[in-house]
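Before any comments, here is the structure.
Chain naming follows the written order as A, B, C, D and E, and within any one chain the residues start at number 1.
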Amino acid sequence: MHVFDILLVGMLIWIAVGSLNQNRLFKSVVMLIIFGLFMAIAWIRLGSPDVALAEAAIGAGVTGALMLDAVGHLRERATPYPLGPEAAEDADE
Amino acid sequence: MIAWVPVAVPALVGLITLMLGETRGRARNAVNLLGAIGSSAVVVSLVRSAYAGDTFTSRIPMLPGLTFGVSTDLLGLLFSAVATVLWGVTLVYAIGYMDHARDRARFFGFFAWCISAANGVALAEDPISLFIFYEVLSLTTYPLVVHNGTPEALAAGRKYLFYALGGGAALLVGVAWLASIAGPTPFTPGGALGAVAGRNNELRAIFALMVAGFGVKAALMPLHGWLPGAMVAPAPVSSLLHAVAVVKAGVFGIIRLVNELYGPELATSLGVATPLALLAAATILISSVIALRQDDLKRRLAYSTIAQLSYITLGTALCSPLAAAGAVAHLAHHAVMKITMFFTAGSVYETLHVKKVSQMPGVARRMPLTMISFAVAAFALAGIPPLAGFASKWLLAAGAAEDGSVWAVLVYVTSGALAIGYMVPVLTSALRPGKHAPAAGPESDPRMLWPIVAVAVLTVVFGLTAGLPGSPTHWAITAIAPSFGGWTP
Amino acid sequence: MLLDHLPALLVAVPLTGAALSFVAGHRRAPHVALVTAAAIVALAVALVARVLDAGPFRYAVGGWTAPLGIDLVADGASALFIVLTAIVGMGVTLYATAYFRTDDETAYGHGLFWTLWLFMWTSLNALFLTGDVFNVYVCLELVGISAVTLVTLSGGAEALRAGARYLYASMLGAMTYLLGVALLYASVGQLDMTILADTLTPDVTAATGLALMIAALVLKTALVPAHFWLPAAHGSAPSPVSAALSSLVVKGSYFVILRLMLYVIPVGYLGGTDVALGVLGSVAIVWGSVQALFQTRIKQLVAYSTVAQVGYLFLVFPLARLGADAFALAVTGVLVHAVSHGLAKAGLFLASGSLMSRFGHDRIDDMRGAARSAPVLTLTVALAGITMMGLPPSGGFGAKWLLVSSALAGGAWWWAAVLVAGGLLAAAYMFRLLAVLLADGDAVLGTPASAPRTEWVPLALAAAAVVLVAAVPLITDLASASNILIRAGVTP
Amino acid sequence: MTSYLIYVAGGALLYALGTYGLLARRHLIHKVISANLMGSGVFLILIGLGNRAEGGPDPVPQAMVLTGIVVTVALTALGLAIIKRYYSATGLTNLDDEPPAGERP
Amino acid sequence: MSEHRHRTRLLPLTAAMLMLGVIGRAILALPTTGDGLAVPMRAGAEASGIPNVITAVLLDFRGYDTLLEIAVLMLATVAVLSLREDPAALSRRIAGGAGPVLGTLTRALAPIMLLVAGHLVLVGSSGPGGAFQGGAVLGAAGILLMLSGYARPAWASRRAVRWVLAVGLIVFIGVALYPLLSGGTLLQYPPENRKDLILLVEALLTLSIGASLVSLFLASASSTEGGGRR
């Protein structure tokens, strides 16, 4: 059974790295949501269904919704280094 | 509680002055003058009790193992009386001098607070209380030094703070160190450190730290740098604070330190007195020479102050009873002599806008009474009998001779000659005919003239009455005797 | 009977006030806040009286004592910090009634200052009372969220930037603290500080956990080099907020460090951490003061002075290891310092705020002549300055004296040298400011209608910091009623 | 039962990864994501180590994590709100560039 | 420039590695068993008649943490509200309507989620579930409804809305303070009806947490139609 655990943790790390190593914000956030769902599985594996429920609803759900909203606000400007007002102008297109 | 009066009354006066604000000048003058007269009366009555052997002590517990207290012993009262009485005289002068100035509420308020702090320094019963008042004095003087708000004043204020707070820090370490090894050590004639007499190196270090602390205000070279610059302050400030309260707080601290904390015996046996004496002697000679070359009258007086302060330090550091008594007497004598001169300088500047010695020709004819007063004080300073300066210098020199310190006698004699050298040119310059015509009316604002005459008269009186009970000389001898085991001259 | 519930009420009352002020709307919220503040002051005074009277006591929330439940602990130290918070809080509340008065409903976070501020007050009280290391985490988050939001209240770019930086520091601190708790709990299996203190045995996991917790708290207390977020946050917040942040919020996380280092953790358990904290504190004193000296904007100067003054708080840790005498003196001294700095800094920030609104700008060099037209504010700056320099007679002097005595009693003169040098550096930057205010100049200052009333608040706070020197015996009594000194078995 | 170690190790890695991201990533939202990852790492460590208890997982770390999740979402919401407002005011999404001058209130 | 960026990467990398090492060392030093407070907690929960230990810990033993946590949620909502540029414009975009997919999904999911939430509260005292979990699901359902435009909150900073946001915390404070009247301590439920009271608190908390999460989202949601900039 350890194989499954190792795979799961490996997935978690991989998604986490992917989420951080991703310049397109929208993708980052989607990966974070997926990360939350995998976390919920991990909680079940660790015998904590209560935490799993909360993680799925809050960690993936509410956090995800908040993040997507914020990304929407920033108009998906994933350029990591916008250089000032001009960039902001673009963002409003 | 009566012991707190000399501290509390000026403090209260200062507070009221600040709260009255800028516009209510009449009320301000009344409160200040009444305060000065009232506290002078109390001080005089305290002196009478102290002569009769009654001293009052009062303490407030403040920190664990630390009380804050004052005691009305004869030595402290001498300084307190000088500060309080001259405060009254200076007030009259300042009211005239500051007639059209701005920020008078601030000026008179902090002025009163300075007096309060100086009285605290005088009456503090132990090193910690003394340190506290000493720092308060530094702080309350600062607004007076920068009073004009000009860039020079601000620069002088910065310099003053740099020295004063640096000295305060040294003093703090010394005082705290002493408290940590010896506990509470109220000043006791002859020394208060019997319990820790063995710890010589620590005691030497503490002595050095405290001398560094007091030395700043006592303008002991090389810690004198702030004093000439601080003369940008208005004349009453220079007069009272830099001739009486502030600088005397420094030398008074040294007197307490040597005579009543360490005691002459311990100070001698630790070998800390002689270096102090040498430093003072060097200061006397160097600053006298510098004074010779100053054209600005106030600066010349400032360097003269530095020299005269070191007279007191040297007398104290010699650890002989006569010299110590002379030092204490000189504290009072120099106060009246130097305040006369600063008053004069201020009056001449305010009336004729003359600041430099070289601009003075004609001044004597224009302001005869003022310049006569100046002359009296100048001769007194040079040690011409029978004026005040002679009495204390005689004691100082005699003490040095008795102690076998011939070099100290030579220093005193040399510097007396130098004093003539830097004072006489002022007089001769003023006597020369110049552009100032004799005045038709009063020679200056009477509120400035009569205080000058009054302090000049005091200079004469102190000299003439030197042997009588109640005169500074007699007082000093009485106050210093217990430190030398009940010695009588 | 009510007195038994003081710890609970000190949390519940401001929390209720926070909720009600939100419901009340922005017009009536100030009244709610004033009533709440008055109630807290009364409760805080009662707590001090009770602790002095009956010594420290514990309050089992939910009727479950530790280890099952969470115990609130009221001792001399927590009572002292709570009463400090009450006094400063009252001042800030009074000052804020005028500061945030505006017809623009959307200004200052839509009038939500009052709710945020009462939440912050709640969380500070909770932090000073809690005896549970996980509950500390929740309290710290409450403090952090309310503090960050209050910083951004003006909505300006600079404030938002500062708030964001503060928030990230907060997040890093929160996660690190929780990680520390996780490791500590895994090793010891306890969360209550007293039980931890009794059961800690040398163990690398527990030590790592505690070290991480302290590191996180150091970040929140803004000890150099973790001070990077503080000057911008404290400098760009609205003035009443700056006052509360500098005088109270840094003390909140510091208080937990104090309890952990001197109460929970046995001597030598974390190796040289105490000396390291002392060294960092010394660096903070020097670095913060030097930075303050070169600031051109008044609130930045005051904020850097907080960086420096926070340094003093950490000198207690090396001093406390120098023997019983030094221990008692150092703890008392640092408590006096915390209170006097709290009062003085609140007064100074509020006075800076008033100066800024009088002048219409925050450039120090253009404030010449303020002494003439704003004497009350200048006096406030002067009084606050005196206590921060540690000059007599002031609370700061009391603190410096006790700490210097502690260093000398322990034979460690170099800490005394740091203290003395710190006082001189404080004098340097404070007199730089004072010199400008006293300089000759004819600044024609606007006088806001509310100025005369609210300008007395900072003066009262600064004056209280000076007069505090007379209250040192009281603080000494509270120190001897603190669990830190009781456990160590020493009395000042 | 040593599988808890797998999760604890994963938690430690996530924590370190989050630390790196929080310090190294410039975009403000990436920083918030990093903080969330740090949180998840700590939670994994907490509950993972709680699984060493005999007779089922320790309930105390689970309660702590439930609290922690709620606190983290609160922090996230605040962070995002500040980011949006900051972006509106300056057009910036990182803290390294200076906001344009003249924006001071 | 590149050197600068290189330097900014080096410090975080070092910090991360350092943390990894520190944590690793600490974890490996632990024994493989450790009960923590599990045993006394279970015993305590059994004594008070709540089979789900986690619920007992959250609402009873460590109810104080939970009280402060509800405070955190409300505080965050207030904080987010205070950061809005224009509260009146709230939810314009939210109410702007949902696509067909989201609409259908919501229609199917929302009732189920409501049921799940209710169920979680009811079973919370015995099985997995409870106020947190139920509240979380409830909140998620509410947010879904908002997103798909089915619920259109007539948002304003009006009194009624404010009451809704604050009521959870106020009720909880009331429940917490109530025992003081009968001589108990804060949050000390009387033993005779402890179980019922806890269930009541749980139900209230579920609503409160759900409402808080929804309002957190509402307060935060952007109104980008007019452009986000001032």
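The rule we apply is simple: a residue touches a chain if its C-beta (ideal position, glycine included) is under 8 Å from a C-beta of that chain, and two chains touch if they have at least 3 such contacts.
Worth saying up front: this structure is predicted, and the values here are computed from it rather than measured.
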What chains, if any, are shared contacts of chain A and chain E?
D
Farthest from chain A by Cα centre, which chain is it? Let me know.
B
Counting C-beta pairs in contact, which chain pair has more, D-E or C-D?
D-E
Among all chains, which one's averaged Cα position is nearest the averaged Cα position of every protein chain shown?
C
Of all chains, the one whose CA centroid lies most distant from that of chain E is B
How many Å are there between the centre of chain C and the centre of chain E, using C-alpha atoms for each centre?
29
Can you work out the whole-Å distance between the CA centroids of chain B and chain C?
43
Centre-to-centre distance between chain B and chain A (centres being mean Cα positions), rounded to whole Å:
76
Where chain C touches two or more other chains at once, the residues are 134, 138, 141, 145, 148-149, 152, 155, 179, 183, 185-186, 191
Among chain E residues, those touching two or more other chains are 23, 27, 30, 34-37, 41, 54, 62, 65, 69, 72, 75-76, 79, 83-85, 132, 213, 216-217, 220, 222, 228-229
Hunt down the residues of chain D that sit against at least two other chains at once, touch-wise.
9, 13, 15, 17-22, 45, 49-50, 52, 56-57, 60-62, 66-67, 70-71, 73-75, 77-78, 80, 82-85, 87, 89-91, 100
Would you please name all pairs of chains that touch?
A-D, A-E, B-C, C-D, C-E, D-E
Give the list of chain E residues in touch with chain A in this complex.
52, 54, 120, 128-130, 132-133, 136-137, 139-140, 143, 147, 213, 216-217, 220-222, 224, 227-229
Write out the stretch or stretches of chain A touching chain E in their complex.
49-50, 53-54, 56-58, 61-62, 65-66, 69-70, 72-73, 88, 92
Chain C contact footprint on chain D (complex, rising order)
15, 18-19, 22, 28, 31, 35, 38-39, 41-42, 45-46, 49-50, 52, 60-61, 64, 67-68, 71, 74-75, 78-79, 82-83, 85-86, 89-90, 95, 99-100, 103-105
Which of the residues in chain A come into contact with chain D in the complex?
1-2, 5-6, 9, 12-13, 16-17, 19-20, 25, 28-29, 32, 35, 39, 42-43, 45-48, 50-51, 54-55, 58-59, 62-63, 66-67, 69-71, 73-74, 77-78, 80-89, 91
The residues of chain E that touch chain D in their complex are 8-9, 11-13, 15-17, 19-20, 23-24, 27, 30-39, 41-42, 45, 53-54, 56-58, 62, 65-66, 69, 72-73, 75-76, 79-80, 83-85, 132, 209, 213, 216-217, 219-220, 222, 228-230
